[in-house]
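First the structure, then my questions, so here it is.
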Amino acid sequence: MEDKDLKKENHVDVKVAEAGSYDPRIIAFVCNWCTYSGADLAGTSRMKYSDNVRVIKLPCTGRIDPLFIVEAFKKGAKGVLVSGCHPGDCHYTSGNYHSRRKYATFRDLLGYFGVDLDRVEFSWVSASEGNKWVSVINEFTDKIKSMPGKSTDIFTKK
Amino acid sequence: MKTVINEQNRRNFASQVESMLHDKLSKCYQCGKCSAGCPVNFEMDYTPNQIIKMTELGMEDKVLHSKTIWLCVSCNTCSTRCPKGFEVTGIMDVLREIAEKKGITSKVEKEVQMFHEVFLDNVKSNGRIFELELVGKYKLKTRHLFRDMFLAPKMLEKGKLKMHGEKIANLNQIAKIFKDFE
Amino acid sequence: MKVSEKLHEAKSGDNSENLSAAGKLAYYPGCSLKGTSFEYEVSLLRILEALNIEVKEIPDWNCCGASAAHSINHNLAVALPARNLAIAENGGYESVLAPCAACSNRLKSADYELKTDEILKKKITDSIEMPYNSEMSINNMLEFLIGVVGKDKIKTLVKKPLSGLKVASYYGCLLVRPPKIMQFDDPENPVTMDELVAITGAEPVDYSFKTECCGAINSLSKPDVVMALTGNVLYDIKKHGADLVVVACPLCHSNLDVRQREIERKYDEKLGLPVLFITELLGLSFGIDPKDLAIDGHMVAADRVLKKIEELSK
Amino acid sequence: MANTKTDEKLQKIAKDLLESGEVSLIIGYTKGSNSQRMRPLFVTRTEDADKLSFSPNAVQDLAVFLKKAEVKKFGKIGIVVKGCDEKAVNALIQEYQISRDNIKIIGVECNGVIRQNIADKGETNVSESTVYDKCLICEEHIPVLYDFLVESEEPKLVLSGKVKPYSEIARLESMSSEEKNAFWANEFDKCIKCYACRQACPLCYCSRCIVEKNTPQWIDTNSEETGNAQWNLIRAYHLSGRCIGCGECERACPVNIPLMLINEKMAIDVYNMFGYKSGLDINAKPVFGVFSENDFNDFIK
Amino acid sequence: MARIGVFVCWCGSNIAGTVDVEKVREEAAKIPGVVSALDYKYMCSDPGQNSLRNIIKEKNLTGIVLAACSPHMHENTFRKAAAKEGLNPYFVEIANIREQVSWVHENKERATAKAVDLMKMMVEKVKRDKPIEDVRVPLNKKALVIGGGIAGIQAALDIANGGVEVILVEKEPSIGGKMIQLDETFPTLDCSSCIMTPKMVEANQHPNIKLYTYSEVEDISGYIGNFKIRIKKKARSVIEKDCTGCGECWNACPMHKNIKSEFNVNLSERTAIYVPFPQAVPLVPVLDRSVCLHFKKGGKCQKCYDACGPKCINFDLQDEIIEETVGAIVASTGYDLMDTSMYGEYGYGKYKDVVSGLQFERLLSASGPTEGVIKRPSDGKTPQTIVFVQCVGSRDPEKGVPYCSKVCCMYTAKHAKLFAHKVHGSQSYVFYIDIRSTSKGYEEFVRSTMEQDGAIYLRGRVSKIYEDDGKLIVKGADTLSGNQVEIAADMVVLATGVIPKQGSDKLAQMLGISYDKYGFFTESHPKLRPAESSTAGIFLAGMAQGPRDIPESVVSGSAAASKILGLFSKNEYEVEGTIANVNESTCVACFYCQRVCAYNAISKKEIKDRSGKLIKVVANVNPGLCTGCGACVNACFSKSIDVKGFMDDQIYAEIKALAI
């Protein structure tokens, strides 16, 4: 009985964006071992953070193809975060190092093509850094929210 | 000995020290190597590691009135050997500066503090140190008129004490620096 | 690798003449060398002359603030040295010789803070109203002799080797500490001054208190403490059989020389250890007249040692 | 036009190589129907070697043919290359597409090639204002690797410094995001997805290009601005750290998209960040095949 | 056609308190391909799992999505449940709506919207899942143990006793490691060599153990079940099988001065031909060619040869290379002690009577240079006062290492105790920061060192040691009384910290296992897989993993052994199927995939036609080595390689599910 009540009380209609407010979609590509676990830790520690982010889990930063960032923009993301294990901590020893090289140049290329680089964020968040995950997400969301006009990019239809 | 810790005061004091020190008090794990090697520890009322802990606990009064902070000769033996790379010498500077700014005069070690003050006055008025004037003023202030007096004649004879001091040309620049930071 | 080896690898070599000829060597005497430690300046200028190196005094230099400034006013402790460094840098100098260990320590510390703290740098350069880019190399006396002048060059000038003389090098604290800022020699077992002693032909004496502090800054305010500390050092040197002590710091010199008689009285044990500046010892080995080196300016007479040198050289 | 000494040397080398059987095909240049143009020539018989020629009109990068199956089947191949083009050969060796043992490199010293549009108008002088931008920054007038070298008879290229190669890059970099966006939107709007850039590139050798893969669809197939931008981005990204700057993509582009502004920007980035230049050393590991623990990390929180 | 089932878990109120689970279920039901949507209080409970299994059966599901807690919690639970109904376990995807939604957000409406998104993503992903079969790799049932200290010996003996052949490789001339250098062991004070020697002999004589001493592993390739190893057996210059260990050769050697004994940590000298210690296993000498007169002076000296009865000395012996194939490896390379001469203030190396812990151990040992009588190195006098300094190098990020070396507290207490037992009326002082005595009997041991044996413990570090009148003056602090103290000692013992064996990082690179910034090998999981390395088939034991004492080393050796015996109990090894997969028809063989692979899992494969003519070369994934990290996928320009379970089109579908 009690459960029924709980359900009722919580039954809500899904309305993603309130009219007038800028509610940007943020997609985070994270590695399974460090950042995903770090995000889980934030959960088990009941830390609160912005709910604009959607996490896509991959085995390793080495698997997070820079081209996913473009696809995310094409599908309407206003901010994209890539996050994985700190240098030296990669579960697969060097996946993050290989990716760091690629991201470094790819990021420049995006900037060169006119993507506001404030919209692409990279971070190292370890499995024990639930608090860092929270601050990375909150800061990034705040940043994206503060620039509603600057979200154009060449990959998205206007 | 008992200290009731007031959390707000503790935080205020500890964070003031940390921000001036650019170092974290929690880094110290109280191994005591600083105190073990300190050449003037034998005269101190609190050992350097105790000063660090007391600062962390916010015992502002005790720390700022301690002999320790004025006895420290800044020889850096502690910082050099500290296994955690903590700025032990640095915290003494910071505590002295706070004491000075608050106008706390050390009851037991006022000579050291006065010496520093007289020294800086001397720099302020000449741009350089005029030793005879420095010693004279210091002795007047501390009233230790006759201490070390027996050294003076021989020093004068050897030419170690000059009768006239030099002043720098652009004293206004020194005045500005003092004005900015005093 | 030990710190000392690093230093020598990096800096040893004779670069002095080029720098000197180009007028790039600035000299920061500091207040002591113009007063109580005038012997230091006299002797150092004399040996630089012998080495054919010219240094130019920083125009209108001011006191570095010594330990008083950093003890009670951190900003002053940076600003006062910064003014001197900025004058030198803007005057086109590349290297500063600061023979006083306290001065070189303060100059280096200020330079380090200006290099690592942008906010502080802004505050300080605004106050001294001069730019400063931290491009100056700051040398204490030993660094200058070994790193800028070079051992080989010094060796060529040794005319009167002091063989048979036992010399204890006293470094004190300011030359080597804190190591991350001083970047000079091994902070626990420094050897630079001993190497210079060996060049003069004298025998360096090893002892335990090479880097123990003499009490330095509290000389006037806490004479009892200072005498205890200085006494430790002097008696240890005595025990290890040294004929004399060399120093490269006016504060050390004051405490070891000026207060020696008092220490003897206090501990009722004779010391009789002349305390020379390293520049004076080098000068003696160059064959320069002790009078020209102002050795007679010391409180503890060096007569017996000078006599011994004369005898040994015969 | 009579044979120049360069041509004679080329022909001699080719003849010797074919006669001795060291190679079974030589790729080189011959004079085109239009005197201001050179076209590629494939020589398999000794007697055809006489047609080989070289001049500042030899614009094309012949290394592009090394990726073709029709060429590969010859096994041992000789190729006439300028310094820039030769870097493509090196990159192909680094990426295992050809074996050093199977290729004879006939390097020609080159002091710049004349831009084709200017040459078509009758320009014959090699000068700062007539050559491609790549020639102005060229550090390999003599190829870095060759089996035979044919020296140039052309005078050395004199640079006054007045002509700034790829100056547009700096201008673009200084723009705001919106301006850059507008600039490229305008350029990519022209793209017709003909993939000539890909075909002309010696290093685009995939047998199935990513654009042809549809699970997932990496690049929108329709020819509209967003998909175009994506194509151009991926093309540039796949060439970053690899492009040797021959400029063939830009030359091949029928709608004149300034592709070299992208390629060159990538090359500068890679050099600044990792100290790597493509195609200089066949034994070097490609920049994106290795990493350093001390790589540039500033952009990562 | 996909037939997907979506299960939304309430997790009591953990999820349902913040997320409108009913709404999530309703949204799920609307997605094309979803044939069943259900919400339930506890999906992980037995009834929850049963309903899941029933629906799989009833609706003939092709994939399921659980909107529940983190996959790190229950992915395996649900995979197993699905597998029981014949569904490929990889057709189970988890939408993490607890750790990453209900526990971290507060606004119900928005949390629910996010939960719906995550659920949709997983539905799209699961639709594109391809069946994944776990891979089976055949096993060569033979093991290699690298390092013959106590951990390695224990591992080798346990494996051998399990009936499996073992190759034990030791770098030094004898097995025994550091433990055989110790005198007595805490907290029971058993004599170390009394308990160690029988184990060494057993290892040498065990029919299943092949022992290579004075040998090093030079190269390792391959993967679990099939490692190819190359061992370099360095030339001993002595024919092992003929040697009787009689000692005539080393007695005859003229080089008996100035060669420091490694075994006695430089406190004594040895000859050029020598056994490191009398109980060495094998008891066969080694001729040290770097100091031997025969080699230094052109072959003139052959006194050892002349003295040798069986004539088993052969100056011409060469290094031998031995090749073996094994199915599993134990890395137990042990540790070194830190060099403490970086502490200028302690004077190690300057003052003879400042010794390291291991040196003191040799001074205590009956087989040591002083035959167990404590004599100080400078003048051979028996010290009356010894100061022990703990944490020398350990817990010192500035000059040493930040970690605790774990054994020093205990061995120092043992040293102080043994000193009290051996020298009556003596006094020891111990400077410590914290005492770590956490195993069985340890705290009692330390207490008795203080209470029964009179050692005085001072809580504080030592700042300086210097010599004065033949005494070592130790300047330390006693932070409890707040005093600076000075003690005049006859001898000082520095409790030196431990670091990984020199070269362990090189070995780790050769093995392809990860190691931390100090060089200690890293466990696959610090808690749950402490005996495994990050690479399948390679196990870890002893101090090579980090500081630990003898019982822990023995336990870890046994753990590695039991893991290997467990592995070898089957004929094949199963590898998770989420590994890389090459599309051979589009691969152009640029081998960027190979360059970025950290596991050497990619090799070149030649494709030939029926006549044997080479058609093309393509990349090939070794399933035994691939870990499914996906670095190769990013490196591939033509997208000819993909990782099962995280395929490009799945990621794209996830992104698309989020499109706005």
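Lettered A, B, C, D and E in written order, each chain numbered from 1.
Note that in this section a residue touches a chain if its C-beta (ideal position, glycine included) is under 8 Å from a C-beta of that chain, and two chains touch if they have at least 3 such contacts.
Worth saying up front: this structure is predicted, and the values here are computed from it rather than measured.
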**OP:** Averaging the CA atoms per chain, pick out the one whose centre lands closest to the mean of every protein CA shown.
**Re:** E
**OP:** Could you work out which chain's C-alpha centre is the most distant one from the centre of chain D?
**Re:** B
Original post:
Farthest from chain A in C-alpha centre terms, which chain would that be?
Top reply: C
Original post:
What is the distance, in whole Å, between the centres of chain A and chain E, each centre taken as the mean of its C-alpha atoms?
Top reply: 34
Original post:
Centre to centre, by mean C-alpha position, how many angstrom separate chain A and chain B?
Top reply: 51
Original post:
So, what's the distance in Å between the C-alpha centres of chain D and chain A?
Top reply: 38
Subject >> Touching two or more other chains - residue numbers and ranges from chain B >> reply: 42, 77
**OP:** Please set out, as single numbers or ranges, the residues of chain D touching at least two other chains.
**Re:** 218, 288
**OP:** Would you give the residues of chain A that are in contact with at least 2 other chains, written as numbers and ranges?
**Re:** 66, 88, 94, 98, 102
**OP:** Go through the chains and record each pair that touches.
**Re:** A-D, A-E, B-C, B-E, C-E, D-E
Subject >> In the complex with chain C, residue positions of chain E that touch it >> reply: 343-345, 350, 466-468, 473
Subject >> chain C residues touching chain B - in the complex, by the definition given at the top >> reply: 31-32, 34-38, 60-63, 65-76, 79-80, 83, 117, 126-129, 172-174, 177-179, 187-188, 211-213, 215-218, 220-223, 225, 228-229, 258, 262, 296-299
Original post:
In the complex of these two chains, what residues of chain D are touching chain A?
Top reply: 172-173, 177-185, 188, 218, 225-226, 229-230, 233-234, 236-237, 240-241, 262, 265-266, 269-270, 273-274, 287-288, 291-293, 295-297, 299-301
Original post:
Which of the residues in chain A end up touching chain E in this complex?
Top reply: 3, 6-7, 10-16, 25, 27, 36-37, 39-40, 42-44, 46-49, 51, 54-60, 62-66, 68, 71-72, 75-77, 88, 91-95, 98-99, 102, 134
Subject >> Contact set on chain A toward chain D in their complex >> reply: 66-67, 70, 74, 87-88, 94, 97-98, 100-117, 121-124, 136, 150, 152-157
